[in-house]
Structure formats: structure tokens, C-alpha cells
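Below are two complexes that have chain A in common, paired first with chain B and then with chain C.
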Partner chain A sequence: MESSKLIKKFEADFTQEVIDFGSKFFPEVENFRACIQCGTCTGSCPSGRETAWRVRKLIRQVQLGLKEDAIRNDALWNCTTCYTCQERCPRLIPITDIVRSVRNIAVYNGIMLPRHVQVAGLLIKYGHAVPINDETREVRKELGLDETPPTVHAFPDALGEVKKLLEDTGFIRLIEEAGREGSK
Partner chain B sequence: MGEKVGEEPRVGVFICHCGTNIAGVIDVEELVRYASKLPGVVVAKDYRFMCSDPGQNLIKESIRNFKLNRVVVAACSPRLHEETFRETVREAGLNPFLFEMANIREHSSWVHMWQPKEATEKAKDLIRMAVAKARDLEPLEVRKVPVKPSCLVIGGGIAGISAALDLADAGFEVHLVERTPSIGGHMAQLDKTFPTMDCSACILTPKMVMVSRHPNIKLHTYSEVVDVDGYVGNFKVKILEKAKYVKDRECTGCGLCADVCPVHVPNEFELGLGARKAIYIPFPQAVPNTYVIDKEKCIECGLCAQVCEAQAIDFNMKDKEVEVEVGTIIVATGYDIFHPYEMQQYGYGKYENVITSLHMERLLSAYGPTGGKVVVPSTGEKPKRIAFIQCVGSRDEHYFPYCSRVCCMYSLKHARQIKEKYPDAETYIFFIDMRTFGKGYEEFYETAAKEYGVKCIRGKVAEIYEDPKTKKLIVRAEETLLGDPIEMEFDLVVLASAVKPSETTDEIQRILKLSKSPDGFLLEAHPKLRPVDTFADGVFLAGMAQGPKDIPDAVSQAKGAAAGAAALMGKGEVEIEPYYAVVNQEICSGCKTCSGICPYGAISYNEEGKAEINSVLCKGCGACAAACPSGAIEPNHFKFKQILDTIIAAFQEEAM
Partner chain C sequence: MSRYAYFLGCLTPNRYPGIETATIDLLRLFDIEVDYMKGTSCCPAPGVFGSFDLNTWIVIAARNITIAEDMGADITLTCNGCYATLQEADHMLKHNRELVADVNRRLAKVGREYKGTVNVIHIMEILYKEIGPEKIRDMVVQPLEGVKVACHYGCHFLKPSDIRQQGNPENPTMMEELIEAIGAEPVEYRDKNMCCGAGGGVRAGKIDLALDMTRRKIDAMMEAGADCVVTPCVFCHFQFDVGQAEINNRLGAEKYKLPVVFITQLIGLALGMSPRRMGLHRNRTQVKTLLDKVFA
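Moving on, here comes the complex of A and B:
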């Protein structure tokens, strides 16, 4: 049975955080303040047909300031960013952009799905989110290409540079923290 | 500078607190100190509400005690109280145009609510500018022009009909112009009216007949207003009476002609659900009950003329332009329903069983194409499950951001009517917010749910699919109160489509030089206090032309517009603002630049080829003055010196 829940306060800070953070990347993020919760987004959501993802609810959580509910929701990662909700929103709210903003905020709070941590780990280790494998090498050979593509795979020095970039931008620290948080 | 009143300017500045509207932000005491030191200012005072009786008395006493000959009131927008204070000044024995207003509320305290210091500084600037202009003001005289006791009503829907009848009953002559062959408008298409469930035709047709019989009403159907010239009290109106090819005085409305006419055309009145002939009346209760030939569709076989006993048919009839003179005009041009073809997610126009609510009205109507039987278009069978979809185009920034204001109520009405006809049918209304705000409306909503079992689902429909085999419709939405998506199958989907300004609105707006609000409807002069007036003197608005509204509101507004027009015509004369432009004949070179620019057609040229301005037509917009290469034209109250001194004052850092 679901445990009962009593909301005692809303965090205006979170609402502002989404606006401040989202506005760095996307226009008109603050439009969510005008959301009338009509449900066109969830009704249009292809992911919502198959998963527990309810995009309208996220907008509500952002609108009111329910940070934990918003970022500690595994379904948050079920959005495929197809943009149908954003296309149809009668209030012109950049819904998908807001989903992406909240995901970023989640990551900065150490929240990531284990599989994402895994992929990020590959990027740190090999300089590729999807590193080359024997199968791909074989296909390349058949196509008459070099077995190893002219990427960091072929230039070990460049891999060092990529790692430095990931280090300097704080990416590695972020992933390590998320990894620790995730294993809790 | 003030030479016209023969003495040095003695300016009084009166600063209003407007309760806390101004004083809550701006330091009024500081303004008083500041204003009293401005050049020409003899006295500066403040008061809580300057527009109140004591406030006005304060101005009057000061005019007498300090021998003021110019008055500046720093308060709200002149739109609100310029008239009030002019009257105050006049009562104190001064010419009312020796008065200037500084708008420190809308232009400062309201817009700079969080910057009180800066707001106070800006208010000082505004007062300094107003005082500078006040010093240059000249006395002006208001002129009076007679008002013809006759009104043009444009649009023959329920708003136009109501206004026309009120004015005609009050003894004024009315010209009612209707574009289609019959008056009645959209109300004639409706079956029943919420919340009382009166039969629409039963309450409308008696009014229509009264219009046709009223000795004071001249009805121009199948006609359009093509030009309006003149000004308040004295409009010259050109009406194009389109050829009906049937002499309406002779036509008895027997209908034999339509019986024999071989041409079938989709009937506009039935939104294509039914057919009419090339010779037709749009609906049985049409007024006038005389036939019209649709010349585009007519094959001129002459059968109608053969059977017409009254010999009313005349294939050689021509369009005719008539000119009438009226004192006032009421615009009641109504609305069009939005046909949401472009909202592809709903499949309107693609799926047969997706219709609009206006189609539903015709299906419900006893004299509609199905005789009042609601059927599924693809099968002709009665529907078992019907979905009503709210806010189709309305409240949607992609289409119409406004609420259409009638859909919640008529959808509840439709659902209820279907339950009355088919008690075992299931009716669902998908809504965002149920807006049932009128008298008796909330009760109607309650009854629909409680006694008729109408189910309301909170969620805007996202998309509709058709099962190509069964033609049934799958509606997808979110039940937002449960928080889960739903997918349900329906036999019939009814779109509560937005209302939008009628297609004739733009043309009428152009002819009458009216303004539109951002929603595309015609703009009233003040949303609260002048809701039926326009900025064009003598022109009033009624019904949906001004914005979405239901029948009770449309009729109320029509009666308001009629009262406004009657007040003007009853008085028989009207005062005209003396803000017209004046040509200095000695400087005018007759280059004719001004006449091309004047939007009011107020400029003509005398025998010497010099410009002359018709002071009644001129609105004092100043376009001619700005364009005149010789500087020969100046609008009263906005003379070059007055404007320049205002600008100079604006750029003075320190006034002293």
C-alpha cells in the first residue's frame, strides 16, 4: 500500500532553480508558470503509454516547488525527448526542454540511473560513449576502412586530452559522485 | 505665452494620492515641494482622492484664492478623469482647456511599483513637463453639432435585433443591415438555449417578426455597408443591396419556386448537413420570408419564373447602392465558428464522425436536416458513446488564446439533450476548467451530472484516431485528476470549437476606423466604464463583435449600446472636442501633402489652392502637422510651442 503523504511546504527555490538553470540553454523556460495543467502533454506522450512517466506531473512539481519528488523519480528518465508535448502545449511551454533541465539538476544532485553512470564511465575510460568492439572492427574491414577509426581510438595522446577536458569541466567528478550516490 | 488670456501664467498643481495607488509608491510630499518651485507655479497641493467632491472643491477654491489661470492635475490617465477635471476648472470660471493632466499613476507608480525612488523622480519629470505645457495653453471653445435621430445597426443577429427594436420603440429611425438573406444570426441555428432550455427559435422568431413589422425599422437584408462618411450625429452610409433576383415586395414566400428548382446546393445554414436549392430561403422561419436566387449556382432554366404566381422573379435585377443618413451606428457583426482543420491531431474534416458543436445544434434541431435526430454521420445510426471536447482552438496560444465563454455551457446542454433523447447513451465532456459562471449556470452543471449522468473528465484531449473499419473514434487524453492517460472509443466526437471575429470584422473596422483588441475582436473605449462605446464618437458595439459572449450578455450589451445611441440622439446635439488642426493660410503653399496623409478625409483645398480643414471631421491626430513641409498646420492644444516646451522641460535635469 502507498504510504500517505502530507505536503507541508513548497520550495520556491526549486522553481527558480529550474528557470535559472534551464534559461542557460533554452528560451522561455519560465513559461511553465502559466501552465493550466490541461494534460495535453501526458495525453500526447508516447512514453507515457508504456511507462510510468507523467510529464504534466513534473511540470506541476516544478511549478509548485517539489524538488525531491521531481528529481528522485526514476520515470524522469523515461522521456524520449520526442517533443510532441512541447509541440502541442496550448501555453507554448517548452516542456521537453524543462524535462532536460530537471534531469541536469538531478545529475548535479548526484542522481543518475546506473546505466547512465556506466555509459559515462565508458566515455571517461575510452573517450567514446560507445567504444569500438571486434564486431565493428570486422564491419569496417569489410567496408574497406581502417580497422580503427581516426578518433581517439587511433590517437592515444588525444585520449589524454579528452580526459583532461572531462576533468577540467568537472564531468569526471560529477559521475563519480553520482556513482557513489547510486550505489547507496 | 498665455498672451491669449492677457496675463502671466499662474499655475496650480494638484497632486492626487489615489489612495495608496500613487502615494503608496511615490513620495507625494516631495512632489508638492518640487512642484511649488517650478516656474509659473503659484500653488501646489495634494489630496487623497482629487477626483472626489472635496478634491475638486480644493481645486476650485485654489483657483479663486490664488487667481490661478492654469491648472495641472497629477493623477491617473486622462482617459479616466480628464473630463472630470475640465468640468471642475470650468465650474471655477476658467476655460476648461487651460487644464493639463500629468499621468503619474499608469506612467509611474503602477509600472515602477518596486522602485519608489525612481518613480518619484519620474513623477517629477512628468509634472515639470505638464507645467511647461500648461504655461502655453490657450482657451478653446467646444462646438456643438446636431445629431440625426436615426441609427444604423450593422448585423442582424440577436444583438443587432435587440438594439434595433429598443431604438425603434424609443421612436428613432433604424436601418438594420444584414449580410445574409435573413436576420436571426447564429441564434437561429441553435436548438435550445442554456440554462433555461428555451427553444431558441421560439424566443427569437417573434423578435425577428417584430423587426420586419416595425414602422421605424428599415430592414436591408442581403446587403452590406460599403462606406461610411461623416462624423458623430451626421454619418452618410452607403449600403450595397445585392440583387436577390426576386422582388421581395411581390414574393409571398409560398416556396413553389424552390420545389421546382432542379439545382441542389449544400445549405450554409445547415453547415452543409442539408441541401437547399439555387432559389431559397435559408431556413423556414426566415425574415423576410422572401426568396433569393443564388446567381452563382442558378442555371437560369426559368422553371421558378414559370411557377411563380406573383411574378416576382426578375433575372435582370442589379445590385443597388443606397445612401442613408444616420446620427449613430451600432456594430453587431457577430462571430464565426473556427473550423479546426489545421488541428490535425483531432482529424476534423478527415474523420467523418468528428463534428463541431454547431453541427450538433443542427442535428438536435427539430427543423434541422435530421428532424432533430442525432445520428452518427458514417452510419446514420444513433450514437451510443459521445465525447464532447472543450477548448478546441480556444485557450490555445497556437490559435485563439482567449476563452470562448459559451462552450462549457452548450456542451453540458448537448450532453443533457442527448441523454433526454437516448437515456442509455454515454456522454463524456473532456474539459480543462468547467466555466459555468452565469446566473443559473452552476445549477445547470450540477443537474447535468446529478440527474442526467453526464460525466466530465478533466483533461484536454491530446489526439483522436479513427478505426478505419468501424469509423469509431479513439480519444486519447489524460484524466488529470487521476493522473493517468486514458484511451476511450466513441461513436461520435463533438468539438467545442472556438468562436472568432466574423470575417466581415476587418472590413467594418476599416470603414468605421475602429480599433481591435489583440484577440481580433473590436475594441471598446473602456473595458469597465465604456464597454459598449468605441473611440469613434457615435459608434457603439454590441454582441460577439466585441468579444465572446452568450445570448444574455449579447442582449444586455445590445440594450446598452441602444441606450448609448439613444442618449446621443435624444439630446439632439453633441459636443465636439476642439482639438482640430488649423491651417495658417499665409504659410500654406498648397502642396497637398496633407490631404493624402489625413486618415479622416478632413482636408480640402479652397479656390486659392490652400488647405482647409473640416473641424468636425478632424480628430486632431496631428499627422498633417507633422507632414506639412512649410509648418503651416498646427492642431489645437498640441501646437508646436506647446510640444517643444514640453520636450525641453523633459530634458531639463534640474527645472530650477
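Moving on, here comes the complex of A and C:
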């Protein structure tokens, strides 16, 4: 019974999806096929120390094509991308890069933390994930700096470029959709 | 004299402008000029936007790099997140023609082109490799004798090590050597190479988990008798500085008050730069105990 239930969840496409998507940025992504589940990654993981996040399990899910288990696991977002697992992997698997790739696939499926939708909204609106505030404007003045830093904050045309690119890549629509999905 | 294009990012100009002044002033003491990269945006953050959509992440990163290319200067920065994004995106683009074509197709729509003509150099590399501990030692006017320093490198300065090329990430020594050069004493502490807790979108998405990790680190630093923690990353800096106040709020007690100082600020102190000009009085966690010890 148990094994047949598991077999029903297999989606071989997911394994290929991670390879196809991930290798555009990370050439060695397919190394995950060589994972022997030794657990060096999980044993090195600072988030795993505090929570139930088990990065070894994610690699197994990718190998087996357990897409829903991988992308709907809230703990997927516990990884701080510290790269300790990736550094120590005896099979040279770019584990942290795989975490980021699977997170991308989750977002393309409308799965995103509400707080992350908000932060993405800040980038879209201001071009900064952490925009300036009145308190810091005051500190800047006190230190003899321009009150508004010479970033997109001071150059509306530059902000326009960023917004145009975010529109062009589909990021704005992606976040709107994930935001709608999350509020369901 | 060398010249760099200073990529500000978000947190340095928008929360810790004292790191901006300290860095510019310190480099000037060594005849290194930095010019602002005008009109830059968020890098964008590697573990946040890199976790949402790598296709967007690399396009915005490439746009930022083109601004330095126009200036004809290598980039420097004061944030490991910005370093992770710009250094890694630059590395990917320099090694992948298909990716460059894809990115440039989009950049063309705003009249830009990534050419791959500059490098991304962390402020730590300028301090350690270009200036070096010896030259810094020669300039010390206020040795930080008796000051115990907990060094926190931050993950993305060192890792992934095959791309960063900053040596062994399990046993880095650059910061310790710089700290010794200004007369202070680096202390060993448990979990020294562990993450501050903020990266990967964890601070934004799951603040309590981020603070659990921060608390573990600060506990270890305090147990080792540190007078301050020093970082080369404004994001780790922010997480330790504001994070301690957030932990105290949750505890309902003022247990955590370890001063947090950026590497250019600490070296600046030893070289006679003014704490006020470096904005140290505007940290959330007060640095008075450290300053009292330095100027005792």
C-alpha cells in the first residue's frame, strides 16, 4: 500500500525540470544523480539544527521526481543559502544552487511566502529591497552625505529602466500571480 | 593610486550610511578613490530574488554591472549579498555565451549592454590584498590594545569557494590578520563560520528562525569574552545590530548588547577616524562599551 502511494507521486518530469532550469545557471546541477544520501549536507546545515528542514531529503525528492513534496514543503524556505552543504558535499553536488532552483520552480507554481511577496513589491516599486526612510535621511545629512543616496532613489530614469526590465522578464506578473495564489 | 566604482546596494546607504563614510574615508587614507555608481538598484539580493526568479536576478545584476563598465572601473562593495550577486552573475556571464546573449537581448531594451570588462572586488580584498595588514599597521595611531574581537566573515564572502576564490572557507584568516594589525585581539568562538541567520530570504520570510541563529552566534561570541563583533557585510551587520534588539524585545530583557562594528569602521578607529563621522553612535545596539575600552 505505502509503496504504491509513493509511486503515484513520482513525476519524472520534475527531475528533468530541475536539470533543464538549473543548468542554465549552474552547469553542474545534474551531479545530484550521484547523491548517496550520506547526510553530510544535513549534518552541516545551520537551519537543520534549529528546524525540521532536511536538505538531504530535498536532493532525494529531486532524484525521485517528488515535485509536490519538494515545492510545497514550507521548510524549503528555511535555507539561508550559507553554502556549507555545497562546500562539503563529497559528490560535488551544488546543493544550495539546487535549493534556489527548486524555490524558483515553487514560485513559478504560485508558491511564495506572503512576506516575500511584500519584499518583491518593494523592489518593483522602489528598485530597492530596503528603501530609504526618514530616519536614515537624517543620519545621511548629519554625516555630510547627500540626503538621498545616488542610487535609483536619486535618478528617476534609472528607476524607470529597472521597472522596464522587471516588466520585460515577467517578474511583475510572476509576483502578482504568486500574491493572488497566496491570498486564496 | 587606484580607483573603484562603489556599488552601494540597499542597506549601506539606506540604513548604515556610516559604513559608507567610513569606507570612503579609510580608502582615501591609502590613496584609493571610490566613485559612486549612479542609478544602481538592489543588486538584487541573491538568496531572496535569486530564490524567486534567477532569470530576473541576472538581468538586474547585469544592468548594475554595466554602470561600472561605463565608468571604466572595477566594482567594490560593502555587502556580502551584493558581492554574491554581482560576483556570481559576472562569473556566470563571463563563462556562458548563451546567457550573455539572453541577458543582452533584454538590456538592449533600456539601451544597455553587458560587456564583461570589469571585475567585482570585495572591500575585504582591497583591505587585505591591495593595502595589506603591514601598511595598515604602519598607519595606526590608536592601537586597539586589549580589545577582543569576534570576527564574522559572512557566508557569501567565502562561499561558494570555487567561484569566490577567497581561500579555504573552513579556516579563513584574513580578518584576524587585519585585526591583529590594529593591535586588537581576535577571539576564537564556537560556530565562528556559521551563518548570521539572515540570508536566503530567511530574515524577510521567517524572522524568528533568523533570530534563533543570530542568538546562537552572539551567545558564543559573548562566552568567548568578545568586546565586539566585526563583519565585512552590512547585511550580517544589520542582522547582529538590529537582531540583538529584536531578541531582547522577545525576551523582555536587555540581555544582548554586543557592539557591532563594520571592518572599515574598526580599522578607522585605530587609524584615528572619528566614531561620529563613521556613524557609530547611530547603531541600534550601543557601542559605548567598546569606545570606552578603545579610548580608556
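Here is the rule we go by: the second predicted complex is superposed on the first by the 176 of 184 C-alpha atoms of A that agree within 3 Å, B and C clash if a C-alpha of one lies under 4 Å from a C-alpha of the other, contacts with A are read in each partner's own complex, and residues count from 1 in each chain.
Operating definition for what follows: contacts are C-beta pairs under 8 Å (C-beta built on N, C-alpha and C of every residue); 3 or more make two chains touch, one makes a residue touch a chain.
None of these values were measured; they are calculated from a predicted model.
Novice: Chain B versus chain C on the shared chain A, clash or fit?
Specialist: They fit side by side.
Novice: Between chain B and chain C, whom does A:65 touch in the aligned arrangement: first, second, both, or neither?
Specialist: A:65: touches no partner chain.
Novice: Just chain B (first), just chain C (second), both, or neither: which does A:139 touch?
Specialist: It touches chain C, and chain B stays clear.
Novice: Using C-alpha centres in the superposed arrangement, which angle lies between chain B and chain C as seen from chain A, in steps of 10 degrees?
Specialist: The three centres form an angle at chain A of 90 degrees.
Novice: Which touches a greater number of chain A residues, chain B or chain C?
Specialist: Between chain B and chain C, C touches the greater number of residues in chain A.
Novice: Looking at the overlay, what does A:149 touch: chain B (first), chain C (second), both, or neither?
Specialist: In the superposition, A:149 contacts chain C only.
Novice: Tell me which partner A:90 touches in the superposition: chain B (first), chain C (second), both or neither.
Specialist: In the superposition, A:90 contacts chain B only.
Novice: Can A:25 be said to touch chain B (first), chain C (second), both, or neither?
Specialist: second
Novice: Report the closest approach of chain B and chain C over their C-alpha atoms in the superposed model, as a whole number of Å.
Specialist: The answer is 8 Å, the least C-alpha separation in the overlay.
Novice: Would you pull the chain C residues touching chain A in the complex into a rising list?
Specialist: 8, 10-11, 13-15, 17-18, 20-21, 36, 38-42, 44-56, 58-60, 63, 92, 99, 106-107, 109-110, 112, 155-156, 159-161, 169-170, 191, 193-195, 197-202, 204-206, 209-210, 212-213, 216, 277, 279, 282
Novice: Provide the residue numbers of chain A that touch chain C in the complex, in ascending order.
Specialist: My answer: residues 24-25, 46-47, 50-51, 77-84, 86-87, 94, 96, 99-101, 103-104, 107-108, 112-113, 115-116, 119-120, 123, 127-133, 136, 139-140, 143-145, 149-155, 157-159, 161-162, 164-166, 168-171, 174-175.
Novice: Which bits of chain A are touching chain B when the two form their complex?
Specialist: Going by the criterion above, the answer is residues 36-45, 48-49, 54, 56-57, 88, 90-92.
Novice: Residue numbers of chain B touching chain A in their complex, please.
Specialist: Contacts found on chain B: 345, 391, 395-398, 432-433, 458-463, 476-480, 483-485.
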